[in-house]
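In the two complexes below, subunit A is the common chain; its partner is subunit B in one and subunit C in the other.
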Partner chain A sequence: MRSFFVPTRINWLHRANPAVKLPLFILLFGVTVLTHRIDASFYLACVFLALLFLASGYPLWKTALLASGFALAFASASLTMILFGKGSEVWWSLGPISISKESFYRGLHLGFRSIAFGCQGLLFVLTTSSTGLFYALMQRLKLSPKYAYSFMASLRLMPMALDELRIRRDALSVRGAGKGASASLLRLPELYALPLLAQSIRRAQRTAVAMEVKRFDAGRRRTYYYSSPITRNDGAAVLVLSGAAGAALLLAHLLPLFALGDMRMNP
Partner chain B sequence: MSAKRTEAASRRRGLTLTDVLVTVVVSLVLGVVYHLWASVSSLAGLLFIQSDELVYGMWFAASTLAFLLIRKPGVALIAEIAAAHLEIAFGSAYGIQLLLYSVLQGLAAELVFAAFRYRNTSAVAAGLAGVAAAAGSLLADIYYGYVAEYATWLILFKYSLRAVSSFVIAGYLMYGLAKLLERAGVTQSLRPVERKEYDALDG
Partner chain C sequence: MRSTVEANVPVPVLKDAVKPGQPADKEPAETQDRIGPSREEAETAEYAAEVRNLRMKFPGTPDLLFRDLSLNIRRGEKVLLLGPSGCGKSTLLQVLGGVIPQVTEVPLKAERLHVPDSAGLVFQDPDTQFCMPYADEELAFVLENLAVPAEDMRPRIGQALREVGLDLPDPHVPIGSLSQGMKQRLALASVLLLEPDVLLLDEPSALLDPEGRRTIWDAVRRVAGERTVIIVEHRIEEVLDWVDRVVLFRDDGSILADGQAAEVFARCRARMREYGIWHPEAWSEAYGEPAGEAALAQPAAYRAGGVCEPEEAAAPAAGPARERSAAAPARPAADSAAARPLLRLENFRVLRGGKSVCAVRSAAVLPGDLIALTGPNGAGKSSLLLGLMGLLAHEGSCEYAGSRPSGRRAMREAAAKHAAFVFQNPEFQFVTNRVLDEVAFTLRSEAASALNASQSGAFARWFPRRRLRPDAGEEALIATQASACLARFGLGGYAERHPYLLSLGQKRRLSVASAIVSDKPLVLLDEPTFGQDARNAFAILDLCERLRASGHAVLMITHEMEIAERLATQVWKIEDGALISAESTGRSHTAGLRLSKEEPL
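Moving on, here comes the complex of A and B:
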């Protein structure tokens, strides 16, 4: 599974310091959350989708595979609003369902926004290694090492937990346990969650004791295996990403497709 | 003796690397459960309108389970963030907003445990923390999903279902799981040592 998340091309966005990138993406998230016009959200979705395919450094099919999840995100964000949202200009109604002009466009707007969020999140994940992220957070943003090394260690413990899940499932099926319809659903916590959790907690504890002995949790004066410098790639990342958001907002202003106002009832 | 006591007290209050790693790993295992739960949730969604809210409480389970096991301040928040981190790290289509949700939900659950001064580890307290996490998710939904623009009956229906499900799943179910883990004997070394246990040694 880990080899899936290795980029084939390394570009400026991969080389940018995660301690710069993370606040930048949180800022982009804030800008997108505060976007209440459908034109702006539409262009934000388009621009960041394009940027995701251009700058992620992954082959086209992999990016497309990951981006296919956006369809579901779009549907889950927009459908409920389209069918049950408030609105005065009703197009169609049946029982509790009432589709109005306002709720329809508001639903689309939410869908576009969820695509924009998804693209931004995926762009960050695909261009940042978690080791790089936590080293940068420790060195640049003064995150306490005990949190950083715990998170990094946990990602290494993850495959073991997945292996155990597979072994447990095989062992149970060899013995013919866990069959029968309703009773097995109730026994699911006992059959799977308990042994997996118990084993993982014991392993985490052993690992943590070893890490404490080796002073992984030492604060203040310590050295780091990887350095986390600020380079000109960070300038490029700031310029390109803020330029992309600015371009989307400018396009929405110059070439509005829907030309509708604020999507909320009482802004 | 008093020096030893203060050392023990400071160890009790702060989080050690062991506490953090165990918390993160607990939410990691629950993260695997979440992946399976996503299909349960979409199946449950076919029953009636918003019926997937019936199983929504599972998404708050990491914070309550971690607190019931470790019983220290801060654990509920870290558990929520760790669960979100796992989802994000494996390329979820819901990127950074998971971080926002996790912080709000974790803080809300943390507030409930803090209101009980981190002493109450009953199923009811865990259930209330689950309900608080649901309220935190409502706050995020208002900004992220404009839920305030839904028809009023739908808002009430959706969030009361979510609150009930949080109380049952994040509260009672996780309490039961924590009890099972206690019986299996994995929790003894996790919990902070209490004053009366030192006193028992003195006497």
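Moving on, here comes the complex of A and C:
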């Protein structure tokens, strides 16, 4: 499981400073959310999907596997709007379902935006390690080490909790609990929460003590094992990512496929 | 009485609390309470750590933990603290390490409390001492805390790893990929980076297999040098010849004996046995020499300690194995069907994610077998047990007492009928809020499933009219059966308690009790003695031996070679996902059973 998320190629985007990347991606999210033309959202989706495959550093099949979830996001975001949205130019209707020109294009627009959004998020997650992110945030953006290290410690505890969930499930099935009548459905949280929480709280407490025994003190000056410099890679990341977004918007202007107006108005 | 207590004492409740970490001074009696002498003064002191008249109280408990405890530890001394579980040794170690009350706030009071400025503490659980995902990052975390410049970190990390004998070609390895023993050495390396004067070890080898135990103690010896070392440990064979001094505590936290190891041993042998300390002769005292079955008596010494005074009424035999099976062939399986295996495996493979994780060419479990399942961690021992219970998919044939279930669901049902499973962590097995219900639950669900089995057909399965429940008479029977079982396991007085509030050993016994109360012929246990003190471990083994002698079969995963040598009838070795050998030991399961057949003649 752990080895699944190790990139096979390390490129400029991996090496870029997460403290630069994070605001940059937040900016991209903003651009995507504020796009109201279907041509722009279509090109944004295309460009970032291409970038995801080119720059994530993962083999094609892994990226495709992860990106396949976007098909679902696309379908769920667009179908509801297509089938139930309002519009004046009705193409087809049956009972409550009515597909109009407006609802159809609004649905597609929503779908494109969710793909663009998903690609951007995945691109950030796949090219940034949690350790690197927190080190950068501590050194560049003055995040308190208290939060950074507790996040990193809790990430370490997560797989253990998952293992225990599995063990608990097995144990319950061996004892014949948690199956059958519907009353046991109500007992499920109790059956799982008590032992798992008891164990996790104990473990977290022990980890906290162990950290303090190693003289962790959030208030004191500390040095950092990984430095978090600003390099040429950051310049490349800023140029490529903002260039990608710019290119999408430019293409929408020069080569409009749908040539429709603002989706919030009547397109 | 004390005048110069610091204002920001982090300890609530007790008003003359000391803030440790401030080295106490060495002045005459009238001023000795003053806190905050110069560092140099403390360093010239003869003692590395000193407590005088220590009293502590955990919130919510009625009693004081220590009643005026005084203990001095000289510089460079290697001290072993021993005592029964729950006597406060670990707490004392945390006081000496400055964890209490600086990190964990516990009200305490002491006339004098001098703890070392730099102490390194290694804990019991290898999984909860790290906060970073990679070994080098974890060590770097310590150096970051000390504000060591980044460029000095790599050499120091490499050096610390070499010191503890953890030669990683590249220290940037995920901690999760290390074995438990390696993790403990990594923990030791990380406290070494603090350059401590005093090393404090809180049962560092309790959760390790024999190999891990050996390597961690080797590492401790290597790095100890001139340092003061204070050890709390239940397993003492590895450290005994090395420590200068042994301090033995009583149940209530007072000191029973304090002196050289040999001397303390000679004087307090019986007490140490009673306290469940794993001393080198523990096994031979309990079971005699591993010569053969003649030497196999009950672990009388440990039963006499009053741990598990089980089943005088329930199992008709309390004597050695021979008499027992001779006197009462408790179940039909014991005589007529002795040759018929409870479990037979042919080309059996357990699959996890479609891949074979444990393969068994051919094996059989007969009534009266006690099988020790051994092998390195990750070899597939646990997977085999899960596969046998139908919790993992399998291929090949697995026959439970003649019936051959096909498919996972059928397997699970067959396993539920014939086998009881005891998990390693007892808490995960508890499903109710009362100790008595915990045992009754098994009986109840068995009664219910027997009733529901009469409801058959597809319609009834999808639309059961009502879930059938045992009636009142049966309910009463279940209650009596359950309390009898609790009494057998020495849990009679705890019937109303929440299972989580039991002690470690009691939890373990309860989990075994609730698994075997319905009298399944095969009992599977996942490392039942792991991390237990000797008293609890022998109580569990005693129980397994009784089960075996009364015609059950016991299959247990264990790292304890002594179990394999002294108690097992077969030893199954599992390596790299396959059963590589299944050898009978000197004790044969047929021996006892054959006798029971011959006896009538």
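Basically, the second predicted complex is superposed on the first by the 255 of 267 C-alpha atoms of A that agree within 3 Å, B and C clash if a C-alpha of one lies under 4 Å from a C-alpha of the other, contacts with A are read in each partner's own complex, and residues count from 1 in each chain.
Keep this in mind: a residue touches a chain if its C-beta (ideal position, glycine included) is under 8 Å from a C-beta of that chain, and two chains touch if they have at least 3 such contacts.
Model, not experiment: these values are computed from the prediction.
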Which of subunit B and subunit C A:263 touches, first, second, both or neither: first
Touched partner set for A:120, first subunit B, second subunit C, both or neither: first
Partner chain(s) touched by A:160 [first = subunit B, second = subunit C, both, neither]: second
Touched partner set for A:193, first subunit B, second subunit C, both or neither: first
First, second, both or neither for A:49, with subunit B first and subunit C second: neither
Touched partner set for A:249, first subunit B, second subunit C, both or neither: neither
Touched partner set for A:227, first subunit B, second subunit C, both or neither: second
Partner chain in contact with A:211 - subunit B first, subunit C second, else both or neither: both
When both partners are placed on the shared chain, which of subunit B and subunit C touches more of subunit A: B
First (subunit B), second (subunit C), both or neither touched by A:85: first
Where subunit A meets both subunit C and subunit B, residue numbers: 130, 149, 153, 155, 194, 198, 203, 207-209, 211-212, 216-217
In the complex, subunit A residues that touch subunit B: 1, 5, 25-26, 29, 33, 66-67, 69-70, 72-73, 77, 80-81, 84-86, 96, 98, 103, 106, 110, 114, 117-122, 124-126, 130, 146-147, 149-151, 153-155, 157-158, 161-162, 165, 189-190, 193-194, 196-198, 200-205, 207-209, 211-212, 216-217, 263-265
Interfacial residue positions of subunit B with respect to subunit A in the complex: 15-18, 20-26, 28-29, 32-33, 49-50, 69, 78, 82, 85-86, 88-100, 143-146, 148-151, 153-154, 173, 176-177, 180-181, 184, 186, 189-190
Residues of subunit A touching subunit C in the complex: 2, 130-131, 149, 152-153, 155-156, 159-160, 164, 167-168, 170-178, 180-181, 191, 194-195, 198-199, 203, 206-217, 220-225, 227
Touching residues (chain side subunit C, partner subunit A) in the complex: 97, 99, 102-104, 120-121, 123, 125, 127-134, 136-137, 140-150, 153, 174-176, 187, 190-191, 194, 386, 389, 391, 412, 416, 421, 423, 425, 427-431, 441-442, 445, 449, 467, 500, 514
